[in-house]
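Heads up, the next two complexes both have chain A, just with different partners, chain B and then chain C.
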Partner chain A sequence: MRRYLEVALGIFTSIGGFLEVGAIATAAQAGAGFGFRLGWVLVLGTVCVIFLVEMSGRLSAVSKHTLQDAMRERFGAGFFLVTTIPGLIVDWLVLAAEIGGVALALQLVTGIGYQWWAFPVAIGSWLFLWKGNLRLVEDGVALLGLVALAFVVAAVRLHPPVHAVVAGLLPSLPPAEGTTYWFLAVSILGALISPYLFFFYSSGAIEGQWDENHIGSNRFTAIVGMSFGAVLAFGVMLAAAMVFHPRGIQVERYEQVALMLVEPLGRPGLYLFAAALAVTCFGATLEVALGRAYVFAQGFGWNYTLNSLPTNSARFSLVYTVMIGSAAVLIALGVDPLALTVFSMALTAVTLPLVTLPFIVLMNDPAYVGEYRNGWIGNAAVVGISLLASLIALVAIPLQLMGG
Partner chain B sequence: MNLTRDILDQQVVDRAGQRLGKVDGVILELRDGEPPRIAAIEVGPVTLARRIHPRLAAWVEWWLRRFGPRSDGTLRIPWSKVRAIGVDIRVDLVAEGTAARAWEEWLRDHVVRRIPGTPQ
Partner chain C sequence: MRAITLAFAVVGAVLLAGCTRSPEARAEDARMKLASWQATRRLLDEQRARGDLPEQYVRQVMRAVEEGRAQALANLRAASAP
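Right, the complex of A and B next:
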């Protein structure tokens, strides 16, 4: 019975990590701009993230190392210091985007501008980490995150044409606006395949003292949890494709995104959208901030753990404190959260190989995973998809910035 | 035993399991007519920076001496104190009060404990 409970909790956990501001914003923009045509990117991203999450759990269960511990050990000090800097910048921008997501949800409900919500949101999420523990964070966010099912309900109610949806699952070349198409494609990949998720997940596995017996439930959790998250993201894309695409509406503000739930669900749709956005972004805020604190603590060998007092891990606790506080400044200054989200997700895509390639090396090293090494399919999928995402992003970001 | 695989960059923990840092450097003792042997392991930001570039190490050292809570944070642990080498390297020390924890303790006493509502 405890096993089933564990699996269920794991699935809830991955909802929090999968569907957040990035997935909601990019899937909505993709649906509005290109109908069902970017569906295949969602599939590609989901496949890649399933492999990577499963690998994070397996690495920790077998080697008893977190991903960051293993990377520092295997690739040394230079690698650690050099890859930490781009990772820190990207995570900081993503964190600001997540805080912006919660702030915007509060704006939708209260009418008070999102800038004013930046610090209240930052303090609220910080208090959760400072006072709470990992279990509370995971369970609370996961259960409340089920409100995001509203996207799926909306998508079903809008009766999307099945043949067009299925056709979108196959890769297709873009129509006229090629740059935006590819830029959105890499933003979706960056939103789904988030490195902070792997650092967070493998640290959770160590804090939960996983061993080889967890490999089966870990695989199940990764597949079911991530697929469930993907269904939610797909719901967002379908709803956006049905509501915005036929009318030629480009999604440029979060207030517009809310409309895709208002049309099928009526007035409650607005509140459901705000609730889903707030809860999922709140969860992601905690995960990004914690993920970065884990990377620092494990990279330098500091004390870390969420399950004891901040006084026992001062540096760890102050890393997430400073991350949250400084990222909130960006939102308080009035940076547009939607633009920031899409941009930070595309940047995530650029930096993906910095994490995924060494990760794959670890997963093929018998010194770490012994007989539980990766198969060639997992290797090929992760290397192929992350390199593809990075290369397209390197080309698409400058073009998008120049073309506007 | 493989020095770079089993020792360098491994987590160091004290008697109670408190984390001291990573093995940022290994110090070998050269002996006439005999093979070199490990004299000590080193934990600390200056040692870590030296592996990137000596100039970075000099800059980190200057910065830490100027602004750091005490010393430059380098802890040299004699090899005789190493008790076990596994997932972590366990050493026969108490982390509290060592140079490797100077920042941790300073931040704990001067920042974390002063934040209102922090459980003590």
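Right, the complex of A and C next:
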């Protein structure tokens, strides 16, 4: 039972942090534009996320510090501010995109414009956090998130050619439109390797009172949880590759995306798409808002917990309240959620090194991880991920300007 | 420190200068988007004919198609203008 509850954290982190509005949009665009050829980017991103999530959990279990807390203590308040300000801006935009995702899902089934749903979605999300506890948030979203398996069912029913799918898992050069290919590759990585995911997961580990006995289950949770998210994202890419790519359809609007589930599943496909979009974006809304509240609370030494009354952690509760309320304004004003998603994914990519580079120091510092320091595989992975993150940060904006 | 700032400025300027797209590339992009919206319309019509889509959703996609086509045509005209 305890193992199940721990895995629920991984599944929830995966639903909210891995498969969300950005991953659905970029995976659908990748499948529509390049068939199966960008499958390798999903695999690469998943491996990166598994390593970093496992390290976030291990750091928290051993040091009893959250990732943000350890970064502030190890690198100082100046570093905390340098990483917090860009992170806050990026998270705010991502949060708006996630609220937009839920609002769009409601638009698809009701016909009422997404702008009108911004505040009801924000209030629903806020109430969930205000009235609920971490267990409800984790288990509720993890359970509801199973509806996203519809992407996998759709992909299987479309009978993708196995040899082409497998070939797509190996890195390849673009056939043409190189800028778009590389921009999508960068966007997929930006969508998957989301900094808030690591902050949230490590805070969840502290809230769950993990210790050294959780090292094994943390590894299991990171691998199973993130792989679950990867399978769902891969389902999105395969469905788009089978339905949109042969017809030459590019994904420009979310309204188009539902068509890829209607093709194999009929009318229920539309409702399943809307439900999957709503649940995954709702999970991400909670995760981003909580992740940022944890960052502030841990950085400034405030009380923080979702497991007691909000009045016991007033400033922590105020942060997620303000984050959700202000992000909803952006959507209510009519900002296009897909444009916002693409923009926020590129900005996420730019800020990635600020989060990945500290792992190299923290995961080798005996003061934090004791005997559970990174081995050579972990260090090679985190150095590789940091180099990749730096490269992504360098090319993300130019690629976007070049019309990616 | 000034040298590092200068190096970053030069790299940034070179990257941004390389980001300008030619009119031909913009026109080709607009043509592809136009074709994409026409293909979306065909797929929508097929699924609608099978009775797989509720009318309120069809209206949403039709609106997206019209707006997308109009934007692509405007981009095509702008790219083709002397």
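Note that in this section the second predicted complex is superposed on the first by the 379 of 404 C-alpha atoms of A that agree within 3 Å, B and C clash if a C-alpha of one lies under 4 Å from a C-alpha of the other, contacts with A are read in each partner's own complex, and residues count from 1 in each chain.
In the analysis below, contacts are C-beta pairs under 8 Å (C-beta built on N, C-alpha and C of every residue); 3 or more make two chains touch, one makes a residue touch a chain.
Note that this is a predicted model, so its numbers are computed, not measured.
Peer 1: Once the shared chain is lined up, is A:247 touching chain B (first), chain C (second), both, or neither of them?
Peer 2: second
Peer 1: Touching A:259, do we find chain B (first), chain C (second), both, or neither?
Peer 2: In the superposition, A:259 touches chain C alone.
Peer 1: State whether A:310 touches chain B only (first), chain C only (second), both chains, or neither.
Peer 2: Only chain B is touched by A:310; chain C is not.
Peer 1: Return first, second, both or neither, reflecting whether A:73 touches chain B, chain C, both chains, or no partner chain.
Peer 2: Touch partner of A:73: chain B, not chain C.
Peer 1: Please report the chain A residues shared by its interface with chain B and its interface with chain C.
Peer 2: none
Peer 1: Along chain A, where are the residues that touch chain B in the complex?
Peer 2: Per the stated touch rule, the residues are 63-65, 69, 72-74, 76-78, 81, 130-131, 299-304, 309-311, 314-315, 317-318, 367.
Peer 1: Which of the residues in chain C come into contact with chain A in the complex?
Peer 2: The contact residues of chain C facing chain A are 15-16, 18-19, 21, 25-26, 29, 32-33, 35-37, 39-40, 42-44, 47, 50-54, 56-57, 59-61, 63-64, 68.
Peer 1: With touch defined as at the start, can you tell me which chain B residues reach chain A in the complex?
Peer 2: Where chain B meets chain A, its residues are 4-5, 8-12, 18-22, 24, 43, 48, 51-52, 87, 103-105, 107-108, 111-113, 115, 117-120.
Peer 1: Under the touch definition given earlier, write down the residues of chain A that touch chain C in their complex.
Peer 2: That would be residues 107-111, 243, 247-250, 252-253, 255-256, 258-259, 262-263, 266-267, 269-270, 398, 401-403 of chain A.
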